[in-house]
Each structure stands twice: as C-alpha cells, then as structure tokens.
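In this document, chain identifiers A, B, C and D correspond to the written order of the chains, with residue numbering beginning at 1 in each.
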C-alpha cells in the first residue's frame, strides 16, 4: 500500500482521479484538497465520486506526509506545490502544463513565468505508451495535455516512420475540457446546439504537440485548431497528414497494427471511432486511412478528455512509478 | 403571385421550404406532397410548420399545374420528377444532387445512373452568391449541397485570388443532415454525447466541391471529411488552406471584406463563428485567419444545413427566378 | 409609429424582445440598455438578434424619451425603473415579478421589500388571453411569469368551471429559464444529461399561480414543483387535477375547445404537446385528458419560456396597449 | 463459478448485463444471443461493452447448458424462452414484464395473452430491497420495470406506514428507455430539445406499481404519467402524496432514514436528486419532503433506467440467487 493525495480534487479531473484512487487496490487515498470548497465532503461537491473524504486546504505539512500525489491544479500555481511535495520526497504526477515542455523559453512564451524554475526539465513526459520505461523510474511525471494525448497517439506511428511532411490537426472536445468554473463559454445556453472553433492559432497544446512530434522524428510546425462541441466528455482529433513518402493503404494499416499490438489501452479500429466508445475509460481508439484520390493519410483518434486525457492516465503513470501493473484500478 | 408546389414536404428541408412559402408575400403554396404520409396534414406531421395543407401523392397532372416547384427528393428519384415538371413548363429548384454536377461521368461514378439524362447539364448551379445572374434567368436550378454551400462560400475569395495550393476541409454537421428516416445513425442514443467522422474518403459532396472550386480557379483534389455532432441543425466547415502565394493577415481580411461587402446573407465575422448564430436563418457566417507560425490560412464557415444549406437557399433562388428581391420571405 | 426602449436587452428575454421590436411594423426600437455590457452592440453580445444598436446605460432622461418601454430586469430593481418611466408618461410592460401580485404582504413574504410601493396594485396582469380588455387600456402591464403563463392557460377552463378540487403542477423547464448569469447550475456539465427538481416547496411563481387561479374561481393552495431539464428553451407544465365535479372525457374536451376557439396563440391539441412544437413562437399548446381509471383530469401545457413565457407575450401586450392587432410582429 | 447466458444481449439492457457479467468474479459469461445481429461480436455491435463474444442465435440446447440466464427480451416472446430454460433447470432472471404481475387477468388486460401460462405466478418479484429473502431462494425472478423500481423504492416507506391516501407519479425518462429500435420517437431530431408526456393514461407500468403498492399496504388507483426528456440514461420519478395521516417534516425524514439505513444501493439525500448522480450505477437516490403550505409529501427518486432499472438490478438479484453478496460485480 502507498498513501496518496489528490490536490485540486474539486475540479473535474481531480474528482475522477480521487474516485479511481479511492477504489484502487494498492493506493490508499488519504487526502483531497480544494480551495473554495474546503470543508465540504468530496461527494457533496461531486456526488458521483462517492468519496466521503473532507476536502482540505492545501498544507504541505499535511498532504506532504504521503507517498505520492496527483496535482490537478492550473499551470503556474501547480509548479510551487509540486516543488514543495518533491522536497518532502513525495512522488508526483502533475496534471498541469508546468513540466511538460523541455524548452523553458518556449514555456515562457506560451505560459509566462515558471513557478518553480529549479525543477524545470526534471519531469518525465507521461504519455504512458511512448515513455513507459522512463515513467517507471520517475519521481516526477508531467501528465500530458488532453489534445496532445490523442494527437500524439494518433500520429506516433507515422512520425516514427518519417512519413509526416505536413499535418493539420482539427480537434473537437466536449465542454468539460473548459473546466468547472462557470463562464459565458461553459453556460449551457452557449454550448448547447452550438459548435465553434476556439483559441484559433494560439492554443497552448500546440508547442507540446510539436515538441513530442519532434522527439518522434517529425520536426515541423503544426496547424492545430480545437473546436467546442455540445457534449460533456470526449475528444476527437482528426489528423490530416501530407505523407513524406509513398504509403499504401496496407502500409498504413501495418504501421498502426505493429505500433499498438499488445497495448492494453490503445485500440486500432477499422472504422472511424466515436467518442462515446471511449467514454469513462482509459482507452484511446484510433483509425487510420489513406485516401487514394488525394494520397492524404487521415488519422482519427478518440479519448475521454477527463480520463485518458487527464485522470486515468495519471493513475496509469502512478501505477508504473510504484512498480505496479499500469492497468491496476483502471478497469 | 405565382403558384408553387413542394415535392417531398415531409422531409426536414421540404417542411421548412413549405413553411417559408406558406408565409411568402409573392408565392402561393398550392401543393405539398409526401409518399408514405400522403393524406395527413403537413402540420400533423411537422407541427412547427403550421401549414394546414394535406400532403398529396405525387401526380404530375396535379402538382404540375403550378408556376414553380421545389423538389426535395433524394438523388435518383428526383430527376424524373423534375423532367415531368419541366415538360409542363414548371420552373424548378431541385434540392437533390441530380443536376449539380457538370460532368455526367463524374455523376455516374459517385451516384450511379442518372434518372433524366436528357436534362443533364440543363441546370444552373444555385449557389446564389456565386451564380446570381444565371439563376435569375434560369428555369431549372440545382440547389447546392449543404457542405458545398458552406465550403464554397468560405473558399471562394481565396480560390478566385489563385491562393489555394492545397486544402483540407474538416466539416461538422448536426444530425438533421442525415435525414428523417430512423436509423441506427440517427437514433438519439447513437448521436447523443458522441461525435464521429463518417463517409471517410467517399462523401458525395466531394466532387461537387472540387467542380466548383475549379470554376473559381482552384482545380485540385480536395480532402473533405464530414463529422456527425450531437445537435439538430447547423454545419461548420473548417478549411485549412496551404496558400499558393504569400498572404498577410491583412490581405486575407481584404479578400473577404471585398468579396462579401453588400451581400445580404453572408456575414464576415472577426472571430470564429458558432453555428447557433445562423440557426434557422439563411445566413452564412465566415471568419478567415492567417496563422503567422505556419503561414496556413484557416477559414471557418457556418450555416444552418436545413436553411442556407437547403430550404431557404432554394427560396432565395426561386425569388431570383421570378424577378423578386432574393431576400423576400426570408427575414 | 411609436418609439420603444428595451431595458435589460442583454438578458435572454430582453434580447428576443429587442429582436421582435426591431423588425416590428409599428414600433420603432430606439434604445436598448445593459449594465455590464453597455457600449457594445447588441448583436455582438447576442449575434442572433442582428440588432446593430449600441447597448446604453440606463438613464431615465435618455430612455424615458420614448412612448413605451419593456423592462426586462430582475424583481426588486425593476420597480424603481418602472416608476421613473411612468413619471415621464412612458407606457410600460414590466417582465419582472414586481407588479404581478395583488397583495403586498404576499409580495413581501416571497420577494422582500417592494421597490416602488406607491405603484403597487397599479398594473394589469398581462396574461393576454385572460385579461385582453384590461391590457388594451393599460399604461402599466405586469407580464406574467413563465410557469404561471403555461399553468394558468392550462387550468383556466377547469378553474372557471369550478372543477378543480385539488391540483398538482409538475413543471419542467429548459436551462434558459435560469438566466444568463454563469453559475454552477447553468454550467453545461451540470445540466447536460441531467434533470432535477429545484426550489422544492418555495418557487416564487407559486403565489402568482394561486392568486390567478383564485380570480378564475379556484381558491386553493397549489403544489407546484419545477424541474430543470437539459434543453435550451421550452417549458412543459403537467397539471394533475382532482375534479370537484363529475367530468366525462367529452366534457373536458368541450371546455377546452370552447375556451380557446378563435384564440390566435393557444392551440388545443389532441395528443400531448412537445415543447419543440412551440419553440421560438408565441404559442401555448395544450392537451387535456380525463383518466377513466382514476377520474383524474390531466392537462399538459407547453410554451417557449423566453417567448410566450416572457418576450413575445410582452410584445403581444404592447400591441394591445397601443390599439394594434395583438399578433402584429409575432408571426 | 457459475456459467451464465444473456439472451437479448444486443439491446441496451442486455449489453450492460453482459458487460457486468463478463467482468464478474463469480459468474462466467458463456453465451450471448441476438436475433438479427447473430454472428457479430458483441463489441462490434456495442463497442463500449468490450465483450468479444459472438452473438448466437437462441437455441435452448446451446444456451440452456448453463447455470443461469438473464432474459432481456420483450414481453410476450420472453415467457416461452424462460419456460424452456426452466425446464432445463436453468435459474432465470427475466427482465421482461411477463412474470411481474400476480393476477393473470390484469396481465392479459394490459399485455394480451401470456406466452407460458403454466409458469404464471411462479416468479419472485425482484425489487431486491423489498424482496431480498424471497429472491435469495428463487429459481425464477421477475426483474421489475424501470419506473416501478424508482417509484416503489420512493414510496415504500410511506406505503408501509399507511400514509398514502392518494398519489400522483410524474415520471421522466431518458431516451434509452424507448429501446434500441430506430423509430420516429427515438430519432435524434424528435427527442433533442424536446420533452413530451407519452402513453398518457395507459403506460403498462401502472398495474405493476399499483400491485406492489398494494402489497406494501397502499391499495389505490395510481395516476402515473411518463415523460420523454432529451438525455440518454436516467429516470426521475416525482411522487406527490396526499397523506392519509398527519406527518411532520421530521416524521417523513425518520421514515426514510429508517427504511434505508444500511441499504447498499439506496441513498437518502437531503436535497432533490439529479439523475446524473446515479448514472451508470445500481444506486437509487431519493429525497422526501413535506410541504408545510399544503401538507403534501413529495418524494423524488432517481435511477439509471438501464442499470438499477434493468441490468444491474438483474445482476443484484442473480448474486442473491446464488448465495453471493448482492453487490458483487456491481461497484
């Protein structure tokens, strides 16, 4: 058994992470924190969790007394808490963007000043399927963004094969991706029966996707545009690849089959995936197609933005960090 | 006054067309037809229409006694009815795909045998904003498909400027686009909280978009992928253009402002449009952006698939065919 | 022509009222106001209105220079503005609850101190179908609440016949009824795929329903429970009446047919209504049933909460106050 | 270990039952059947199940070779299959209505001729919380209807206390309750943004509710009206009780606390429940209120119609029938 805390358990991803850890065979959920809702029970704030723990104020002397922590806070405020936890020897999965980028100048360009520069570069990028071994030995894991998770799992086989000359990523996400804070954007009347592109040209997941595509062998500027669609959870990433090399339909199929054979949480589907098929799961479901008319390769990748795109992937990583089966507590 | 019939008024587009014509100051709606629901009142089948006309069986000797007809039937079965109406001198707007393509071999390749080959090529392509003058003198107008309407209005300014080297069109549509016939796809439980690409590589609107882009000056194979999203009416087309020439942000803005200045039904917006903004209207709302990082030009174009994408554009065309203000009865 | 102002045009009902008046053949919309969004164009805030007027700060010397005003403000703050407008001779339809109740003690019990006690009792209750003649001569009309509109139109024929011994009103409303302010309740993730009773035992429309049922002849305490359902606009009120007298199925049908024969905006339907059938209209659609097994009479009444339940009924009243056809500008 | 078959696994409830049993620690899922989709894998038809079993045709010699079966077929066709299974000694939970009623004349009045009259009366009514002991010893359990499950759990404490003089049950259900067959009713465009009462006066769950209220001590005709609301899974039953005796707010609270203390799957909530709180669970969540103004007692009861209202309650019963913890495999 290892004791664990979830910081920021009143947000959507935090609440799901707490739920998974509350029922986890190995981890024991000791603390959950929240700012404005401290003092309430988590299952009063989020009845679906059925976790009867009191939400606490963040106090390193309290929540720092555990073996591991998931930090579900926004970028900027996350880094100092992570630093405080690391000082106490707590192993951390950070769900914010604070430790995902490898180049501090790029971080500052897209996010502003970093909250714990001494730790910059200290984390393993926790896209489990791509960094499984590094995660297993890590004390600090930067959990990927939701869009990068879907996009990178979708594009990795092509990137590794050197097959991407250019790529357009048109992404669609349910409203939970916008967070729990009430706003004009998240108002039911704004989102219902509507869909719209947002953060055109400047969504912060862009440099994260570009960085990791580069690691995989595809260093190129990426066109990435997210859209808001009227559903709660679910993310679909449609990737349009101009291939760098001649690829037949069979070549594409082979690449994906080989890449994900034996992967417990990546499903290669024959037809295009629907997000409902991965709802409330840690699965990423992918289909890849070559259009004979245009030669373009199209990849569709679906995840639940709150699960594989956040909470359940964090638990998947935590499992590995403690030498457990990565799927423990996730089925 | 001119007398008009709507064939296929029990479908979604037909019912809206009938509603618009029932309240139209110039046209008098005399007949509405339906196959399986003949005998019922239109407003029993579609209460929102509040059109208390009896749905009739199709009979050229009955509905052919009018001045004009909208034919809201599926491709294939539409063409023979159109031919019968034209023989009687009825001016026709056909909402099917039967008369949209200019090359019969292309038609047959995507749709199969044509139902009235003697009329092939006789229609004006009724994308009103691009063919206004030809529509005004036409007896037979082929109303555009919903995706081509949004995509072509979105891309026309770039195509005319010779600025399109390559284009990816990622389209999203509400469920009414799948028609009124109950099916696994249109079941609430299939569509709700889901989104998925469909007809990947082989949606029939592809050749229509390519044909008209070619007319505008951009002859190239188009990558076009539609997605189903959980809302009733509304279509968003996201176009990713690799520009053929250097274009600055200001150039792009100028192109769109000049193209659509004075157009009553095209709105050039500063920010990306949401489909709710054009719901139940004849408007097409467009924003165009140049991404400085990648040089890519992105155009987002939103319509109501049943209105500007079908019924209201048909009335817009009918107005022009009868020398009326194209906006009559549409506000 | 009469000049009109809409106070509170940035709310949902105010925006629709402004849209209707902008296109109205008799009224000329001169002013629209908003608090936090003053300075913006109405159609920037609400693109669907397509009303290019600048939202102004409330100033009696500016907006008081019109012939009529719709006040779309919350209860409490509405009354003083109404008083200021009335002092300048402006005829007013007030959409708040401030002038609906006839007993000031009841008002204070449910709403607190009244903002313009000198005007208390001065308004005509503007449920048009029940108070048509009084509205026609009125300078100040209190527009009914959305639930009372649906419930009273549904129950009036039974109440007038002395047929109500007891009544349970189970009401369901779309999310726009909760207003435009972002909150935990109106967050997409709270409302989507959910439904829940709210304000159990203490919704403020209860005394309004009881008051008007009393006027109609049914003085009794009413059980009224609203529920939130995941749709944007639409309200369904299910009334379960224990009849005071023997009523056959035919008696019930006769009562409703006679009550609403010739009414332009009340539809008596054979089967139970769906809210989509009245969406974006001034219609109230009602069906009445007698259950042979239990003797209970059930009435289902559907309106669009923002239209007949607020904005369009306000215009209907305004038309009457100025001697116009009550349906002008509403079709 | 016990071997189990699910008949009718291609329906919504059957697919969930199969999913629960596939991962169940005690039961081993050996067979799943379907009519038109026989030959396909269950997880092709229902990807969310991730059950890679081939759907088989129904054959008593094949699926009858198990220890237990869940029959998820419609009433009428279910009874003969149940009889064939019982003849082979298979213990059965039947999810249809065929064995729920105790009076054959009532069955025939509401459902028509019974398909296995020799078995009529042989089943235990499987509302687990009310019939736990009888279920434990049963070979044939009639799984309750979804509405009766919610209504009876909501009303049982009052019924047992002799406190119900009259009751109105206004029920609201998501669209999955209408089944998987595509129809005009289940079309996305019919259900989306709509809500409507259905089967007014004649829903077949009425006699089932009356029968079981009678057993609990409240023999009275019940007014029961279901409504369709635009969500996938979830059922809310609002019960308006005219009390037979004086009941204070505290009395009501005591009744419910005492009735459900220690129940693993019934939650007594302070505020009114939302259906999302029980989504994808076996929970029933109830709040009870006494309105001081009217003396009326109101009970709100929420379940997931496909889980506690069908599939998961069936597994709860199956657990008991085999001497297992009733919650096994349900968390």
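Going forward, a contact is a pair of C-beta atoms (placed from the backbone, for glycine too) under 8 Å apart; a residue touches a chain by one contact, two chains touch by 3 or more.
It should be emphasised that the depicted structure is a prediction, and the values quoted were computed from it without experimental measurement.
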{"item": "Contacts common to chain A and chain D (chain labels)", "value": "B, C"}
{"item": "Farthest chain (mean CA position) relative to chain B", "value": "D"}
{"item": "Geometric centre distance via CA averages, chain B-chain A, whole Å", "value": "39"}
{"item": "Chain B and chain D, separation of their C-alpha mean positions in angstrom", "value": "46"}
{"item": "Sequence positions of chain D contacting 2 or more other chains", "value": "192-193, 230-232, 274, 276, 279"}
{"item": "Residue ranges of chain C in contact with chain D within the complex", "value": "166, 168, 170, 172, 174, 192-198, 200-201, 206, 221-223, 225, 227, 229-234, 236, 238, 240, 242, 272-276, 279, 289, 291-294, 296, 298, 300, 302"}
{"item": "Partner chain D, residues of chain A touching it in the complex", "value": "23, 47-48, 193, 274, 276-277, 279-280, 285, 331"}
{"item": "Chain A-touching residues of chain C, taken from the complex the two chains share", "value": "12, 175-176, 180, 182-184, 186-193, 230-232"}
